[in-house]
Structure formats: C-alpha cells, structure tokens
Amino acid sequence: MSQKVIIGVMGPGTSATQRDLELASELGQLIAESGWVLLTGGRNQGVMEAASRGAKAAGGLTIGILPGSDRSGVSEFVDVAIVTDLGHARNNVNVLSSDAIVVCGMGLGTASEVALALKQGKRVILLGCDLETQKFWQKLSSLVLIAETPPEAMQKMQNLLSRLLN
Amino acid sequence: MSQKVIIGVMGPGTSATQRDLELASELGQLIAESGWVLLTGGRNQGVMEAASRGAKAAGGLTIGILPGSDRSGVSEFVDVAIVTDLGHARNNVNVLSSDAIVVCGMGLGTASEVALALKQGKRVILLGCDLETQKFWQKLSSLVLIAETPPEAMQKMQNLLSRLLN
Amino acid sequence: MSQKVIIGVMGPGTSATQRDLELASELGQLIAESGWVLLTGGRNQGVMEAASRGAKAAGGLTIGILPGSDRSGVSEFVDVAIVTDLGHARNNVNVLSSDAIVVCGMGLGTASEVALALKQGKRVILLGCDLETQKFWQKLSSLVLIAETPPEAMQKMQNLLSRLLN
Amino acid sequence: MSQKVIIGVMGPGTSATQRDLELASELGQLIAESGWVLLTGGRNQGVMEAASRGAKAAGGLTIGILPGSDRSGVSEFVDVAIVTDLGHARNNVNVLSSDAIVVCGMGLGTASEVALALKQGKRVILLGCDLETQKFWQKLSSLVLIAETPPEAMQKMQNLLSRLLN
C-alpha cells in the first residue's frame, strides 16, 4: 500500500488571528517533518495558507480542497489542488479525507467542519481554542481532544494514528 | 412568479428530546397554516419527521432533502423527496434552499447546518435551545435569533420574510 | 404515504431547438395532468423552462434543482426551488430524485444526466432524439426507451411506473 | 508556485477490456515519467487501478477521488485518497481537478465524465475509442481530441499544456 497519512488543518480564513496563524504554520511544519500529507481548504488565506506555508518550508506535500469551479484563489503553497465546485459543502470532503483533524481558531466555516467531522466519527483536536468553544464541542461529542501547543497536538495525533493503524 | 416561501426546520434525529419533537411538530403546523413550504432533512426520525407530520396535519406541502442514493428511510410525511446522495453534505442544500431556518434542539448534524447557514448569510432562529448554545452561536454571528415558543418563532420569521420580500 | 411521483424532464438550455421546446412544454403539461410532480434543472432557459411552463399551465407542481448558491436565474414557472451550490454535479440530484426521466434534445449537460441516470439504474426515455444519439446510449445500456411524441413518452412512463409501484 | 500539473485518466471499472487496461497502464507510466500527477476515480478496479499501477511503477504521485464515505475499495496504488461521499457526483470533481483528461474505453460513468468535462471547457482525449463513440462526442463539442496510442495522447497533452501554461 502506498497510501499516505493525511492530516487536515482547519481554521478561519480572513478572520484568523495572528496566534491562529502562528499555530497553523508551526503545525504544518511538524506534520511535514513527520512524513504526513497536509490537507487544507486550499485558499490563499488565514489558517489554510499558514499551515500550507509551514508544510512546504519543511518539504512536505500539501493538498488543497477548493470550493470553486477552478483554481482561482489557491494558495501558492498548495501542491495538489482538488477543484470541487461544492462551495461550503467541500468542508465535508476536507474532514472525510483526513485521518485526523486539527483546528486552529474558530469561525463559522470551521465550526461546520468540526461538526461534520465529529458527526462522522473523526477525532478533532482543538488547538488554542478558548474554554467556551472547548465546552460547546465536548458537550456534543466525546471525540474532541484539546491541545495548547503544536507539539502537544502532534503527540495526540501520534497516539490516535497508532491506534487507527494498528 | 409561482415561487413559494420555504422554511427549513432542523434538529436532532434519533437523539431528539420529547420537547424538541413537540416544538417541531407545532412549528410544522404553523408553517403550513401560513401557506409556506416546509423543508427538512426528510428522514423518518426526530425533528425532521415531527415537523413534517405537523405540516401534513395542517395540509401543507413538505419537502425532504435525503442524504442517501435512494428514498430509503424517507418519512411518510414527506411529499417531495429530493435524493441527493451527498451524505452529510446535503445539509448545505437544506440551508441554501430555505428562506429562513428554525432549529429545535442541538446535535452535531444540526450544528453543521447552523454553521453553514450563518456562514452563507441565512438567518437562524434557535427555538428552545439552552443558554450555552445560544451564546456559542451568537458570539460567532449576528444573524442568530432566539425564540422560546413556536408562535414566537413564527413572529420572527414573519418579520424576516417581510424584509426579505420587500 | 403522501409521497408524490416525480418525473424529471431534461434537455438543452440556451441551445435547445424550437422542437425541443415544444416537446418539453407539451410533456410538462401531460405530466401535470397525470398528477405527477415535474422536476427540472430549474433555470429560466430552454427545456427546463418550457417543461415548467407547460406544467404550470396545467396547474401542476414544479420543482427546480438549481446549480448556484442562490435562486438567481430560476424560472418563474418553478414553485419549489432547491438551491444546491453543486454546479453541474447537481445533475446527479436531478436524476436520483426522479422516478423516470425524459430527455428532449441532447447537449453536454443532458448527456451527463443520461449517463448518470442509466449508471444508477434509472430508466431514460429519449424523446425526439436523432438515430445516432439513440444508438449511442442503447449500446451502453438496456434501460433506454425511445418515444417520438409526448403522448408516447407518457404511455411508456405509465408502464414503467405501474411496474415500479407494484 | 508549487502547484503540480494533474492529468485525469478515466475509463470503465469492472467492464474495462484488456486493451483499455493496457492503454491505461502505459499512459499512467508516461504521465509519471513526465513529472505530472495522476488523478483517477481511485478504486481498485479497471482503468483507475491500471493507470495508478502504471504511474506508481514509474515512481509517480497518484491521487484517487473516491465516491464513498471512507477509503474502502481504494486501489493500493493510490498515494493520496480524497474521500468525497458524493457517489457518482464525484465524477465532477475528477474532471474539474484535472488539467487535461484522457479516456481509455467508454462506459456510463466515463460518459458522464466526458460530458461534464466538455461542458466545463476541459479538453478530453479519447484514447483507443471506437469510431461511433468519437463521432458522438465530436458532434457535441470541439474540445475532443483523438489518440490511438499512449505516446500520441502524451504528445497531444504536451501541446495542450504548453498552451494552457503560457
């Protein structure tokens, strides 16, 4: 089997905070250094772009799942652009294609991804989210994990994946 | 123009509480009495079925947007079954097709619908949701409305629609 | 069960011929007179609009499955507009939602619908298509039926539906 | 820009002929040798699998766009599995994500991909298809190219891509 491990990193676009971006970039780098493929929403904005930039800096492979009908708006740090023309329904492709999902920051698009992921049995790691956000999702699902730093998120993903793959 | 007003009613399936079901059923009835079309996720469960039952009792027209590749699992109270084969991505069709959305109860599928609706500029009325849920969504969007009873939800929808249509 | 029979009528948009439009309009009328629901791609063009106009003239119920993210471009003869934001992938929703499909004329969008319908076991009636088109599809599937006039298409649908419903 | 060129290879699954498979495998190899990414429908069958096997034998990168809600049925020669849960509507993702499309053999799923591709302005190379099939598609679109051998298809793709990228 040549199949690769895919980690989805999701979070706000234009409304991402500086901290969201820093977490995403460091996480992208760590994912690439682990030999995993990074998957994002593919656009040249916010957490998507920051994570892809981090992964490319470490020589990783980056996949971007785009919402439109062509590659317009794709991040320059995406290697393989998947063009869905699904609009926001592409968020479901993001989560289904990922072995595990890490969220940096919370917006409405991200909330839809967390909900769709948890609904379909995917683990979601909330990285650097506030307490209210953590509580909301933990009340709805037992598949939510919390991390404060990218290395802690990586550690939790390693544990998850070793269980998934064994 | 023969185009009809469509109201989406969403909420948990098998995990719906008795109160969620009662609110949904009364709401479905009021929607039908107003001459509006009811749209739900179409399945024979929970809030979807309760709302459709209420609307049919009042002689309304009911649309069900199904996730699978055929009509299996459709509620007997759905007149027009739309078969999407989109899985949970059909939630985006639910919200985009509705002029306004009312939510009775909160689960993961419902959370994805609320997020997708608000992200795309649709008003969402939270009916009978707890304070924590109200706060979570209101923090993310100014398009959230709160109602405690079906008649109050109807009043808010009337206001919304008169603005949308004028 | 309040579930209605849904007949999909598909064909070219702006490239429809005068004959395609006449066939679609007559067919829409006959479908409505039979008490069936008409489903089309919903836009204000070509075969979609002609069929919807015919159905409304006979007092029928019309459903339009739109490709975009709102109701722009919807035909004025559509009662219930389903907004998918799926682009051309909405063609799969058209065929899956229909109990039987009639095609008036052939273009690329229509060809995708015929292929998707036959692939998923749906019967397709080719109405007024040229011999080359008939042969191409009949070579690929045994589910293709041929009709020269709308009444003949109606007769074939009656036969199909009586088998499906019994 | 780290964005890679993506070539889609499509064709029948279980109904593929021995010749379809040989063409697909050789083509997959030539695509990989050119440094392009191969995209297929991702399953462990027919033209999808043959093309992926050929590309992996030459050390290429292979993407598979799966129809289901998980990776079941994925080819062992797929590196990156994109899980869409779109059923046959994933065919639209296949064509939109590809810079150019080559078809080996013709079935109903493949016909839907050719139609969707041409409808949306994508070039399609028919490789080793019979004359009737060639004529049907050429009558509907001027974007159809014909090739008899994989090297001829590669030559036509090179020409197309040099125009697209300049």
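Letters A, B, C and D mark the chains as written, and numbering starts fresh at 1 in each.
Convention: a residue touches a chain if its C-beta (ideal position, glycine included) is under 8 Å from a C-beta of that chain, and two chains touch if they have at least 3 such contacts.
Note that the coordinates shown come from a computational prediction; the quantities given were computed from them, not determined experimentally.
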| item | value |
| --- | --- |
| Equivalent-chain rotation between chain C and chain B, CA atoms, steps of 5 degrees | 180 |
| Comparison of A-D and A-B (more C-beta pairs in contact) | A-D |
| Chain A-chain D separation of Cα centroids, rounded to whole Å | 28 |
| Inter-chain centre distance, chain A versus chain C - centres from mean C-alpha coordinates, in Å | 40 |
| Multi-chain contact residues (two or more partners), chain B | 69, 85-89, 92-93, 120 |
| Chain contact topology (line, ring, star, complete or other) | complete |
| Complex contacts: residues of chain D adjacent to chain A | 1-4, 6, 37, 56, 61-63, 65, 69-71, 74, 76-86, 92-93, 96-97, 120 |
| Partner chain B, residues of chain D touching it in the complex | 69, 85-89 |
| Chain A-touching residues of chain B, taken from the complex the two chains share | 86-89, 91-93, 106-109, 111-112, 114-116, 118-120, 132-133, 135-136, 139-141 |
